[in-house]
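Same chain, two partners: chain A is paired with chain B first, then with chain C.
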Partner chain A sequence: MPALRDNSGLLLALAVVLLLPLLLQSGTLATEVLVYALAVLGCNLLLGYTGLLSFGQGVFFGMGSYAVGILLTRAGMPLMAAVLLSIVIGAGVAALIGWFAIRQRGTYFVMLTLAFAQMFYFLAYSLPGWTGGDNGLLGIPRPPLSLGGLASVPLDTPWRFYSFVAVVFLLTFWLLHRVTTSVFGRTLLAIRENEARARAVGYDTRLFKLAVFAISGAVTALAGALHAMMTGIAPLSNIEYHTSEMILVMTVIGGTGNLFASLLGAAFYVLAADWLSTLWPRWLLLLGLLLIGVSLFMHKGLWGVGQGLWQWATGRVRAGRPAVREQSL
Partner chain B sequence: MSPATTMATSPRPGADQDVASAGAMQPLLDARGVVKRYGKFTALNGVDLRVMPGTVHSVIGPNGAGKTTLFHTLTGTVPVSAGRIVFNGQDITREPDNVRVRRGIARSFQVTSLFGNLSVRENLRLAVQGAHPSGAFDMWHAPGRRAGIDALVDTILERLGLHARGAEAAGALSHGQQRRLEVGMALAARPRAIFLDEPTSGMGVDDLDGMKALIRGLATDHTVLLIEHNMNIVMDISDTITVMQQGRVLVEGAPAAIRDDPRVRAAYLGNMITGGQR
Partner chain C sequence: MNVYLLQVVNGVGIGMLYFLLAVGLSIIFGLLRFVNFAHGAFYLLGAYFCFQAVAWGLSFWLALVLVPLAVALLAWAAERILLRRIYDKPHEFHILITVGVALVLQEAVILVWGPLGDNVATPAPFQGVVMWGSFIYPKYRLFVIGFTAVFALFLWWVLEGTRLGSAVRAGSESTEMVAMLGINVFRVFGLVFALGAGTAALAGALAAPIRGVDPFMGLEALGVAFVIVVVGGMGSFGGALAGGLLIGIVQSVMSSLWPEGARLMIYVAMAAVLLLRPHGLLGRG
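Coming up: the complex of A and B.
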């Protein structure tokens, strides 16, 4: 039973991945849920586990899109090589931005990430030779997946591509589950709780923050790369400030400090946007109301609500907060 | 001025012996001419402090004397403007606080500073791990593979009298228990020297004896530098007392000598007493 409880987040994620094709007609919509869930995982790692509010996530997402686009269209790289290199580029850019940003805390940290977000947006806009400028990088192919030269798996239809993204998503989820429950992950929680104390007991907190920034950049760039392959285009909007904001909103709505909450937040946002935008073009107004609700009444997001309902249903409502937050799945 | 010359009246059992041998030893901590300026304000104006190994060395003084600033410069929380700090033969003047932990310096905070949402055990585990921070970059394994850490955490919990509350969130402990855990966090690094910044601050009368016993217990295998307002505790457990006033050392000596020193009475005990006999 403890093994089941320890891996319950992973099992829930697997259930969602298997359920999406049954519930949704569109393979692209289902893929979009998982792609954004990846980006939200990256953001959650910073906000939920380390207490860092980054407005720079769009930079990593956009860099992933451009990197995979350029590598596939110009260099003609095989799919996996292009994706892996995009991840490395995302980690590198995040380490660069992180190196500056983690020197400050609170408002100034947020401002630094915002400044970098603006800078990279205009950089992408000013280099149309590389990025396609305003039009975006067009015609990004989706080459078949080569399995060590033994077999070639085509990713041409939306559901085939979904299967590929689903495997990548679950693998990443599992890796991040290991990272967040590791000695390293537990140290991040300590930094989130009380950075001065973490330093006083001997941790070089800057180094930890830099490492988690790079991991977050890698995961978010992977999301951006998959997004570009899904749509066949790396648009300028992927590196825009709005993308950072969207990823942050999904993270907060889902709930911070829990990996499955990231999937919940992304699924809720993407599916609500898809449904509401057909009913009312000003649907973002409703999203604003929901964010106000989350900020005022439900700090643990949708995950917290689900957790509360579950406890109520199973009659295990206990007063007080759990002793160790990270174990309170 | 040397502690060795004034220790005959030390109230701590065995302290005479410590200090007799300490007389031949090098000080564990040797701070010379420590200056700390904040803009035009000089908080520390050339402080010398020599802490002998195996002793309880207290720093007292009226509010604003510079005690806490001195504490911060010694633990590396704030950099010095001038001066030199040598610990265990190493020049640590320019080292940040987290590196000084590896040298064997551990500290407690004047205002309780714990990982409030994490369990008491986890607080101590993090403090034990902090002394070997490279292991904390293990991104693959959950904590608990090293039995030594668990055993050490158990020992400390026992010593703090918090064994039954190990699974509770640190933030849910009473104030007195949090103050004890605060000392335990310093103990967890198995340091050479423990720096305690007003460990009894805000504690109720009922908890004071427990804290006094805890600090006295620390002195059996650590060097303790204590900043404390409670004169009862300072006079009872110190081997050496340094009295500070306006960013300088006013006088240094054994408790009895300090109690009878007219300069101290004038500067501190006589009028500007803070904390005082409780």
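Coming up: the complex of A and C.
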């Protein structure tokens, strides 16, 4: 069944989205998993599909939070308009940073993205009139979702908001699945594998990198916007170094180059952080050790481990079959 | 007028510390070709070790020698035990493992010394200020400028005048070639990593009496060091010096013009430099 295999990631994502409400008590925690999974998808698109390691994903996340916060509180926009405009702003900021950063490759690119992330952090810090500075932007409402003026869906409770985020997440997942399997996506893989060759074949690789950066910024800003609506605030920490680091860490822990791996990485990180932080305030020490461990021994992330286990299990079943037959004979 | 002169001198003082902070990162990048996210944590350790040494009643001067050596030793061990295993892996793992080391060190500092900051007393001979007419300046900051200048000369000699230095410079051009000449490249990698961490620790120890110590100073320093390396040009000694001074002066002058935006302006300066020279002031493009 090739159709099933092609869409297996999408089906797995759907399964997780449906399972989360059964497994978790808190709707906010479940929403957090999906929100960060969106941000990780954006990061994975860069790292896993294009080979660009961006340490500035927090900028787009934070910009999404601020944009939706300002649009909802000051402009009083309807929900969908505010979210869509935040996505556009995220893409714009990403294109701007990308224009500077993609001229460089490898480690230089990493440093540039981090330096620009710091720049936007201090920009947000220096403009308290817009961002609330250190306190963050407070009192962001969660207006009901109006469906073309026909009906209006309230998003007031955590689980109602989860349903909204789940639909948005699955839609984005499907769109990114289409993007990565398109000619555009295959060209990105060519750039990841050998940029000089992709250029020699005639692709304007810079344009492709800029486009994928903008898409990544858009998806990450969407995550940031949903996060701000979830918590009701757009804190300064959303645009901080720590957010960039967290998104990257989730991406690598989940595994790169596979969209479902991003959901896995985000779920693992969010749930582990939620559990560990109640046990020990210095749990980041354990995270540090985990990162060292992943770097040393687990290069394909959780997805790679899952694949290995699956192959081991299915391989064992196949090896076991003749033995069963012999016995039954 | 005098205010600006004072801010420029102040900026030179900050800039020399920034240079010390960034030069190790730049050399490590030049040779090992990866971004060391643990660099800020080595700076943090330098500051806290200095704080602890002074708290134990050790002389500040002895601390200034011992602290960088201790941190260099730690970094040397980290390179041997952790980094050396993954040089052949994709560079996201080089970065990730240093991010992990940075997290472990930062959280360990909080575990040992607590989440709140502390102060380090200015060493006795440099307490107080110097006065020339209307020009008043803290003695310790003048000492920092002089000391880092001398240390910069020493570091320059290490890189330009010693066998290790020529191996480092040749290795930055082509690691394979240097290995074929019979030099143990891994040993050079380890020494350079330790040297870079040691200079960061020295910067931390020197900065401790000026700004005190707190567990998040490493993260802050990491961001600044990145900007300086990007502005100056990756892997360039002169670039780190030029970038450090430029950023130090911009920050210092701006802090009297627009205090809230002083930090922002160093990043604006970076963007301006990158627009004019995409590979940094002294970087080779």
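One rule holds for everything that comes next: the second predicted complex is superposed on the first by the 315 of 329 C-alpha atoms of A that agree within 3 Å, B and C clash if a C-alpha of one lies under 4 Å from a C-alpha of the other, contacts with A are read in each partner's own complex, and residues count from 1 in each chain.
Throughout what follows, a contact is a pair of C-beta atoms (placed from the backbone, for glycine too) under 8 Å apart; a residue touches a chain by one contact, two chains touch by 3 or more.
Fair warning: this is a prediction, and the values are worked out from it, not measured in the lab.
*Asks:* Following the overlay on chain A, give me a clash-or-fit verdict for chain B and chain C.
*Replies:* Once chain A is superposed (C-alpha atoms), there is room for both chain B and chain C without a clash.
*Asks:* Between chain B and chain C, pick out the one touching the greater number of residues of chain A.
*Replies:* The larger set of chain A residues in touch belongs to C.
*Asks:* Using the touch definition from the top, say if A:Arg105 reaches chain B (first), chain C (second), both or neither.
*Replies:* Neither partner.
*Asks:* For A:Tyr203, select first, second, both or neither according to whether it touches chain B, chain C, the two together, or no partner.
*Replies:* So A:Tyr203 only meets chain B here.
*Asks:* Which partner does A:Ser182 reach: the first (chain B), the second (chain C), both, or neither?
*Replies:* A:Ser182 contacts chain B only, not chain C.
*Asks:* Using the touch definition from the top, say if A:Val249 reaches chain B (first), chain C (second), both or neither.
*Replies:* In the superposition, A:Val249 touches chain C alone.
*Asks:* Under the stated touch criterion, which partner chain does A:Ala190 make contact with: chain B (first), chain C (second), both, or neither?
*Replies:* Touch status of A:Ala190: first partner only.
*Asks:* Determine the nearest approach in Å between the Cα atoms of chain B and those of chain C after overlaying the two structures.
*Replies:* Superposed on chain A, the two chains' closest C-alpha atoms are separated by 12 Å.
*Asks:* Which chain B residues qualify as touching chain A in the complex?
*Replies:* So the residues of chain B touching chain A come out as 75, 77, 96-98, 101-102, 106-107, 109, 113-119, 122, 126-127, 129-131, 133, 135-143, 167-169, 172, 185, 188-189.
*Asks:* Applying the document's contact rule, which stretches of chain C touch chain A when the two form their complex?
*Replies:* 29, 33-35, 82, 85-86, 89-97, 99-108, 110-111, 219, 223, 226-227, 229-230, 234, 260-261, 263-264, 267-268, 270-271, 274, 278
*Asks:* Going by the contact rule set out above, which residues of chain A touch chain C in the complex?
*Replies:* 47, 53, 55, 100, 103-104, 106-108, 110-112, 114-116, 118-119, 122-123, 125-126, 241, 245, 248-249, 252, 256, 282, 284-285, 287-292, 294-296, 299
*Asks:* State the interface residues of chain A toward chain B in the complex, per the touch definition above.
*Replies:* Going by the criterion above, the answer is residues 178-179, 181-187, 189-190, 193-194, 196-205, 208, 211, 320-325.
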